[in-house]
Amino acid sequence: MLEVLDQVRAGAVSSAEAAGLLADLPYAEIAHAVGTTMIDHHRELRTGVPELVFGAGKTPEQIAAALRELARRAGGALATRVDPDKAAALRVLIPEIVIHELARIAVLGVPAARPPAASIAVVCAGTSDLPVAEEAALVAEFLGATVVRISDVGVAGVHRLLARLDAIREATIVIAVAGMEAALASVLGGLIDRPLVAVPTSVGYGVSLDGLVALAAMLASCALGITVVNIDNGVGAAVAAVRMARLAARPEPAP
Amino acid sequence: MLEVLDQVRAGAVSSAEAAGLLADLPYAEIAHAVGTTMIDHHRELRTGVPELVFGAGKTPEQIAAALRELARRAGGALATRVDPDKAAALRVLIPEIVIHELARIAVLGVPAARPPAASIAVVCAGTSDLPVAEEAALVAEFLGATVVRISDVGVAGVHRLLARLDAIREATIVIAVAGMEAALASVLGGLIDRPLVAVPTSVGYGVSLDGLVALAAMLASCALGITVVNIDNGVGAAVAAVRMARLAARPEPAP
Amino acid sequence: MLEVLDQVRAGAVSSAEAAGLLADLPYAEIAHAVGTTMIDHHRELRTGVPELVFGAGKTPEQIAAALRELARRAGGALATRVDPDKAAALRVLIPEIVIHELARIAVLGVPAARPPAASIAVVCAGTSDLPVAEEAALVAEFLGATVVRISDVGVAGVHRLLARLDAIREATIVIAVAGMEAALASVLGGLIDRPLVAVPTSVGYGVSLDGLVALAAMLASCALGITVVNIDNGVGAAVAAVRMARLAARPEPAP
Amino acid sequence: MLEVLDQVRAGAVSSAEAAGLLADLPYAEIAHAVGTTMIDHHRELRTGVPELVFGAGKTPEQIAAALRELARRAGGALATRVDPDKAAALRVLIPEIVIHELARIAVLGVPAARPPAASIAVVCAGTSDLPVAEEAALVAEFLGATVVRISDVGVAGVHRLLARLDAIREATIVIAVAGMEAALASVLGGLIDRPLVAVPTSVGYGVSLDGLVALAAMLASCALGITVVNIDNGVGAAVAAVRMARLAARPEPAP
Amino acid sequence: MLEVLDQVRAGAVSSAEAAGLLADLPYAEIAHAVGTTMIDHHRELRTGVPELVFGAGKTPEQIAAALRELARRAGGALATRVDPDKAAALRVLIPEIVIHELARIAVLGVPAARPPAASIAVVCAGTSDLPVAEEAALVAEFLGATVVRISDVGVAGVHRLLARLDAIREATIVIAVAGMEAALASVLGGLIDRPLVAVPTSVGYGVSLDGLVALAAMLASCALGITVVNIDNGVGAAVAAVRMARLAARPEPAP
Amino acid sequence: MLEVLDQVRAGAVSSAEAAGLLADLPYAEIAHAVGTTMIDHHRELRTGVPELVFGAGKTPEQIAAALRELARRAGGALATRVDPDKAAALRVLIPEIVIHELARIAVLGVPAARPPAASIAVVCAGTSDLPVAEEAALVAEFLGATVVRISDVGVAGVHRLLARLDAIREATIVIAVAGMEAALASVLGGLIDRPLVAVPTSVGYGVSLDGLVALAAMLASCALGITVVNIDNGVGAAVAAVRMARLAARPEPAP
Amino acid sequence: MLEVLDQVRAGAVSSAEAAGLLADLPYAEIAHAVGTTMIDHHRELRTGVPELVFGAGKTPEQIAAALRELARRAGGALATRVDPDKAAALRVLIPEIVIHELARIAVLGVPAARPPAASIAVVCAGTSDLPVAEEAALVAEFLGATVVRISDVGVAGVHRLLARLDAIREATIVIAVAGMEAALASVLGGLIDRPLVAVPTSVGYGVSLDGLVALAAMLASCALGITVVNIDNGVGAAVAAVRMARLAARPEPAP
Amino acid sequence: MLEVLDQVRAGAVSSAEAAGLLADLPYAEIAHAVGTTMIDHHRELRTGVPELVFGAGKTPEQIAAALRELARRAGGALATRVDPDKAAALRVLIPEIVIHELARIAVLGVPAARPPAASIAVVCAGTSDLPVAEEAALVAEFLGATVVRISDVGVAGVHRLLARLDAIREATIVIAVAGMEAALASVLGGLIDRPLVAVPTSVGYGVSLDGLVALAAMLASCALGITVVNIDNGVGAAVAAVRMARLAARPEPAP
C-alpha cells in the first residue's frame, strides 16, 4: 500500500493539482516527533492554516520545542493559552520569543507569507472579553489578515455600538466576542451584511454557566446568518474568519 | 378560635392598620371550596392582588366555577391559560364570558375598582411572543393599570426599538417579553431608568431549550437592574409590575 | 444604498426629534403589517438577505399573507418549516405555490436577482439528515448561490466521504449537515481549506438529546475553523454560507 | 437632561453623518479610558444609576483607577466583589478608601446627592447569605435609599420570619436573599403587597448546584409577583429596588 | 421444590426468626407468570409490603390479570397509574373493581389484615398536587395505616399551613406533597419533630422542569431531617411512611 | 401581639401540651447572637433535635463560639464539616474539644440525655464513602441512638452484603451510604422491611457528576420505600433516622 | 484515482487478505439507491455485520424497499424500531414478512450463514425492559449467535438474580438490560468473569430522565469491566456482543 | 450457615467447577483489612481480574499498604491515579516501586501468570489523551495481554488513521481513546470488524463539559457495535478488553 501511495505521490508532483492531492497524503511520513508532541508540517497544504500550538496542557518545554520545530520550517510559529507562568518559563527557554500577555499568545520568528486576505473586524463587548478578542486578532494577523479592533461596545449601551458601526462595516468579515448574555452578536447580526463569526466567552457568573449561556444565546439568535465557535475559542474564530477573508481576496477557482 | 378571628376582623374595620392585620389571618375560614378548587377571597387584602385562576390543568367546569365564585364577591374575575378548547367550553357554560384568544384569557364581569397605578409599557420582541405579552397586558389592565403595547421591536433590527424608545420612556414601568436569545432585555435595560421586568418566552427551537436560554440570558444580562420571572409567565410579570406601578401613584406610607 | 439612507437622514435634519427618529425611521416606514405578522421589506438593504418566513408557529393563513406581501415587492418569497398539513392548506390558499416536501419549504414567485455568489456544497451525513440539508440547499439557491448536493457520506463509512472529496473541494463554501455524533464535521474540517459551516440535526435518540450532542461535538471539534449554527437550522447555515459565497464573487469594497 | 441631550443633538445637525453620530456621540464624548477600563460617566443620565465597578476579574490597580476616575466626577464611587487580597492592595493604593469586608465592597469618597427613594428592606435567610445581602444593602444606600436589614429569618423556623413581618412591611420595597431551597421568597411573597426582588445565593452543596436550584425555586414560586436576579447578584437587586423605590418618592411624570 | 419451601415456611411458623429466613429464599420458585407479568407473592414476607401493580406501560388486560392473581392469594390488590382509558377498560374486564379517579388507582377485593401502623398525615400544597397526594393516601390505607388528609396549605399563604398545624402534629408520620418550588417541605420541616417524607410533583411550567426543581429544592432544604422520593412518587412515599408508622405501633424487636 | 404570646407561653408552662405549644413561639426571643452566628436554643423543643453547627463556611472562631454557647445550655454540642485546618485551630481554641477526623466532626462536652431511640445500622458501600457514613453514625449517636456500622459492602461483590444481612436486620432503621452508581440502596431496599434512608456521596468521577448520578439512581430505585437525602448529607440522614428510631422506642402519643 | 483503486482491487482478489483490503473500498460503487435510502451491501465485508434497517423515521414503503434489496443479495434482512402501525403496513406490503411485536422487529427471508459465534445471555431487569432485551436477542440470533434469555431478575429482589447465576455463567458473553437505576449491571459485573455489555433503557419516570440516569449509573459502576451502549440500543449491544462472541469461536488470526 | 458454606467449599476443592463455585463465597472471610482499606484477594476467582488499587482519594500510605498486601499474595500489584506527589511519596515508602509517570500508575513486583489473551490495540486521538491511553495499555499488559500502541491519529487528519489501519487490524480487540468531539470512535467503528471499546477523555474546554460531550458522542455514534466506558476510565476499558481478549485465546467452555 505504501508503494501505491508513493506512486500517487510521485505522479502528483508533476500535477497542477499537486497541493490538493498532497493534502490527502498520510501525516505520518511528514510529521516529526518533538518529544511527545507530533508536529504536522503538512497541515497548511491540506487546510490552508499551519499547526498552531495549543499551550494548555503542555509544559513550557513542550511548547518551546514545538515552536522551534514549526518556526524552523515555516519561519514563524504561534502558541495560544500561554499563561503568565508558562510565558515566564518560555522567556528563559527562548529569549527571542515575543509574548502577548493579554492574549496569552507566544510568537517565535516571522510568519511566512500567506495568501492575501480581506480585513477582519474583531468587535468586543466588554473589558473582560478582551483576552479572547485579542487572541482572535493576533491569530488572524499571524495568518495574514488585516485586523480592526473595536472594543467595549456591549449592548448595555447600544449607542456605543452604533457609533462604531461605520468602522465595523469597513471590514469584510466580523468577529463578535461577548460573554454574559452575549446580546452583541444578535444586535450586530441585524445591522451588517457580512459574515459574522460569534465567539462566546466564559465571562459572567452564576447562571452564566461559564459561557454556556452566551454560547446558546448566540446560537439561538433571532438574527439569521451568525455562525458560532466554542467558548473562549478566539483562535478557532480567527481561522474561520481568515478562510472567509481569503475568499474576498482571490477569484473563484475554476471548476 | 373563629370568634377571636371574627373579633379581630370586626375591630379591624375601624382600624387604620386593618388591611395589614387582616392579611395575617388564616385562610381556611374565608376560603370557599368550589368543587376541588379552593377560592381565596382574602388574598387581595394580604397581597394587593386577587386570586387569578390558572386555567392549565383545570377542566372548563372548574374554571367556570372558580370564575363565578370570584366574580360573585369581587365583581370581576380572570382566568389565564385558557386554550381554544377550554374557551369554547367556557362559552357554553357562561355565555357572557369574554375570551381573549391571543392571550388565552377569559374574563367574567367587570373588575373591581383598584388602587391607582402608573402606566406600564409591555414591549415585545417578535410576533411569536405576542400571546405572553398580551397575557401580561390584559392582567395589568384587569388590576387597574394603564398599559401601552409596543410590539415587534426585536434586536435583530435594533432601529425598530430605538424608534419606539420615546413611547417606552413615557411609561413608568416596562415589561420586556422575548424568546430565543432574549437580547431585547439587555438592550432596553441600558436605555431606560425605570423598573424593567423581563419575561422570557418558550419561543425558539433546538438550543433554545424551551425558553431556558432566554431566561438565563435575561438573568445574565450585562445591564444592571433587570428583574426576571419564569418562562412564559406573563401574569407574574403583570402582578409584579402593578405592584411597582402603584408605588408611583401613591405617597410613601408613614412608618 | 448609502444614498437612500443619506436622503432619509437628510430629511430628518429639520426635525426637533431628529436624532432619535432618523436612523430608525426607515424600518418603520417600510414595514407593513400583514395581520399579526410584520413584514420587514427593509431587511435586505440592511443585511443583504430578505425576510424569510419562519412557518413554525404560524397558521397557513399567516404564512400565505406573508408570502404574498413579500412576493408583491420582491418577486419571490420563501417560507420554511411548512409541515405537510400546512403545505396542503397553502396549496388551497395559493394554488400557484411550489412546495418542496422533503425540505418543508414553500416558494411563491420567482426570486429577485441577487448579488453573484460562489458555489456551495451541502454535504449530508445520513438519510435522516436530508430535510435539513435540503432546507439549506433550497434557501441558498433562493438567495442566488449555486449548490452542489452530496449525501450519505457519514463517517461510519469514511470511504464514502473520501470518494466524494474532489466534488466537495470544487465548491467554495461547504455546509456539513449531521446528527447523532456529528463526526462528519470534524473529518471534513481536517480535509478542506474552505469555510465550513456545520449544521447539527436532531437525528438520534437517547443520549443524543435531540441534537444537543451533535451541536456540542461540532463546537468541540479538534479541527480548527469550523463554525456552527443552531440544531436543524438549515436556513441559518444557508444565509451564512451565502454571505461568504458573495465575498468570493466580488472584489473587496474600497473603504 | 433633555436639554443637554438636545444641545448635543443640535450640534450634530450640521454634520453630514448626523443621524449615525447623533444619538451615539454622547457616550463617546464622555467615556474616558482608564488603562484598559472604560469609564462611562454618561450612564447615570441614561439609566439613573452611575457605573459601579465590578471588581471580579480586575486587578487592584484597575479598580483603584476606575474608582478615582468615577469619584473625581461624581464625588463618590463604589466597587463590588473586592476580595480580601484586593482589599488589602486597595488600602495601600488609596489609603482613604473604605472597605466593607463582609459585603466585599470598597467605597471612595462621598456619594453624590441622588433622587429621593423610599425605604428598602433587605431580608436574609441565613448567616451564609449575609455577604450578598450586605452587598445589596450597601449599594442601595450608596444610591440614596434608606435600608432596613432583617437577617436570619429562614423558613426552617418560619416564626422568626413572622415575628419580623411588621418591620418588613414598613419598607416600600423588599429584597429577599436566600440560598439552598430559597423558600423564603415564596413565604414572603404571600405575605406582603409590595414589590419583592428575590436574590438566590450560591449557599448550599450537592444538589444545590451552586445556587441554580435556589434561582429556579424562586422563579417557580407559587406566589405571584416575585421577580428574580442572577445568583449572588446583590448589586443588581439593589439597582432594581432603587429604581422602584424612587417611584414611590416622586409623582408620576406627566406624559 | 415448592415442597421444600412450604416445609421451610411451615417450620418458620414456629420459629422466631422465620420471617427473616424466608425473606432470603429465591423468588423464582414462588413467582407465577401471568402473561408477561411476573407476580411476586413472596415480596411481602421479605419487605413487609406486597407487590403493587404499576399500571403505566401495562395494558388493561395485564393489569387485570395481575390484580386477579394477587387478590386470589392475598384477598386484595391495588394498581397505580391507571389512567381514565385503562380505568374504563378495567371496569369492563372486572366489573367489581373499584376505581379512585383522582388518584388513578384501582383496587380489587379487600386488603389483607396487616401489621398495626400509626397514623400518617398527607399534607398537600395545591389543588394540582392532589392526584399524587391521594395516591399516597390510598396506598397507605391499603397497607393498613390511618391517614389524615390536609390539602391546599401551600406556603404562598403560610397561615393556611399554621392553621392546620395541630392537625398535622396529631399524626405520627407526615408526607408533604408539593410541586413548583416545593417550599412546603422546608416550612413544615422546621415545625414538627416527626419523620417527614417529601414528595415533589411535576406541577409547574418553564423553569420547574417537570418537577426536577421541586425535587432539588426539597433535597436542598435548610430544615434537617427531611427525606425525599422521586417526582410524583406517591406510592413510594406511602410505602416508606408505612414502614415508619409500623415502628410506632410495635415494640423494638429483641436482638 | 407580644402580650398574647406571653400569655400563651405562661399558660403553656402548666400545660401537658407545653412542648408542642412552645414549639410555635418565635425564635427571636430565645436566640442569642454569638458574633454573627445566631444560636437557636429553642429548636430542640420544636423539632426534637438541637441545632448542629454546620462548619463549612464558618471560621474556627465562629465554630468555637457556637459550640461553647450551645454546650453551655445543653451540656454537649456538635459541629460537622470541620476540615483538618479548622480542626487544628479548634484544638487551640478549645483544648478539651474532641475531633473525629474521618467524619470531620467536632464535639464539645457530653450530649444531653435524649429520648430513647431504637438502633440504626449505617451501611456503607466503599472505603471512600466512610467519611459520610461516619458523620451519620456520630450524629445519630450524639442524638441518643445506638448505631451499628457495616462497611465495605458495595454491590460489586454482592456476597459481602448478603453475608452481613443478619446484622443489618437486627437494626430498626437502616442508613445506606454509597457513591458512584449507588446500587447498594436498591439491593438493600429489596431485602429488608425497615425504613431505609439512602445517602448518595460525591465519590466517583466523570459521569458521576459529583454525586448527582448516585442521588438520581437512589431516587429512581426499583425498590419501593427508599427515601433519600442530599449528596454527602450524613447529618441529615442521621436526624431523619433518629426521628424514626424514636418512634420504635415510644408509644404513639394520645391525640 | 479510480484506476489506482481498481488495480488495488484487482490485486486483492487473488490475495488472502482480500476481505481486509476490500473493506477499504469506497461505498459508492456498491451502494444501490432504494428510493431515498442507500443500501450498503459492502458493510458486512468491512465490519462483519450487514446493514440493519433502522425503522424509526422511515416510512413502511422505505422499510419494505430496503428489506427487499438487502434480502435479495443476502437471503435475509432485518429492520428494527418497527412500531405496530408500520408493522401492519409492512404485512400488507410484504405478506411473507415476519413481525416480532414485542421487539418491534421485522425479518424478511432467511439470514445468510455467518461466522460461528459463542453463546450470549440476554439478562433483563424488569418486564418493561423486555422490548429492548428482545431486540438485542433477535438481532444476535439473526447474526448467528445462540442466545439465552433470562428475564425479570432486577435487583429489587437480588435472589432472583442469584438463582439464575449458573445459567448466566454458561454463556460466553452477557448483555444486561435495565432501566430506572440500572443496578443490575453493577451486581452482575461483580459476579462474572465474562464480557458484559450493559444496555440502559428509558424505563422509569421523573428523575430517571428517559434513561439518562440508568445510562450514567451503568457507566459509573463500581464494577470494573462493564461497557455500555446508548439508551434502548438493543441492536448496538447485539452487534457488539456478536463481535465478541465470534472471538470465542475462532482462533486468533496469525499476525 | 457458615457450616454449609464451609462444606460447599470443602467439596469445591475436589471439583472441576471449583473456581466457579468459589466465586460465590462471601468476601468477608478472605478479605484482609489493611488500615481502612479492605483487600479482596478473592476477586480474581470471581471476576477474572485482581483488585486494582484506585489511588485517587487514598493517601500514599494507604496505597503502599494495599500494594504490599496484594503483591504479597499475588506477586505483583498495580495502582492507578497516582499523581506526581503521591508517586514521590511512594518512592520513599517502597523504594523498589516502579512508577509510570505519564499513565500515573505504580507497579509493585511481577504480575502473576494469567490466562492467555489475544492482542489489544490502544488507539489514541491526540497527545493530551495519552495519559488515559497509557493507563489502559499498562493495565492490559499487567493483566497478561499484548498491547499495540497507536497514537496521534485523531480525525482532524483522517489519513493518519487510515495509514495505521493495517496495524490496528492486526489486533483482536481495539480500545479507542479520544476527547473533545471523540469522532475517532465513529470513524474507527466503521472500518473494523473487531470489538471496539471507546474511552472518552476529559480533554477539551468550554462546551466539552469535562468529557461529557466526548462520552455522549461515542454513545450516539452512527457506527453500530461500539461500547463505551466512563470518562478517563482507561483501567475499566483495559479490564473489559482483556475479558474479550481471553475469549479469543481459549475455547468456548463446554456447557
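For reference, chains read A, B, C, D, E, F, G and H in written order, and residue numbers begin at 1 within each chain.
Methods note: contacts are C-beta pairs under 8 Å (C-beta built on N, C-alpha and C of every residue); 3 or more make two chains touch, one makes a residue touch a chain.
A quick note: this is a predicted structure, and the numbers were derived from the prediction, not measured.
*Asks:* Enter the minimum step count from chain B to chain G; a value of 1 means the two chains touch.
*Replies:* So the least number of steps between the two chains is 2.
*Asks:* Touching chain B and chain E alike: which chains?
*Replies:* Both chain B and chain E are touched by D, going by the contact rule given at the top.
*Asks:* Where centres are the averaged C-alpha coordinates, which chain has the largest centre distance to chain H?
*Replies:* It is B whose centre lies farthest from that of chain H.
*Asks:* Once you find the CA centre of chain B and the CA centre of chain C, what distance in Å lies between them?
*Replies:* Here chain B and chain C have centroids separated by 38 Å.
*Asks:* At what distance in angstrom does the C-alpha mean of chain H lie from that of chain A?
*Replies:* 38
*Asks:* I'd like to verify one number: the distance from the centre of chain B to the centre of chain F, where each centre is the average of its C-alpha atoms, in whole angstrom.
*Replies:* Taking the average C-alpha coordinate of chain B and of chain F, the gap between them is 43 Å.
*Asks:* Where does chain A touch two or more other chains at once, residue-wise?
*Replies:* 1, 24, 46, 157, 162, 189-191, 206-208, 215, 219-220, 223, 230 - these are the residues of chain A that touch more than one other chain.
*Asks:* Chain D touches which residues of chain E in the complex?
*Replies:* Against chain D, chain E makes touches at 125-126, 154-158, 162, 180-183, 185-187, 189-191, 204, 206-209, 213-214, 216-224.
*Asks:* Quick check on the complex: what are the chain A residues that touch chain C?
*Replies:* 20, 23-24, 46-49, 52, 118-119, 162, 170, 172-173, 189-197, 215, 219-220, 223-230, 235-237, 239-240, 243-245, 247-253, 255
*Asks:* Note which residues of chain D are touching chain A in the complex, please.
*Replies:* 17, 20-21, 23-28, 31, 36-38, 40, 43, 46, 56-58, 200, 202, 210-212, 215, 230-233
*Asks:* Can you list the chain A residues touching chain D in their complex?
*Replies:* Touching chain D: residues 102, 127-128, 130, 151-152, 157, 159-160, 162-163, 165-166, 203, 205-208 of chain A.
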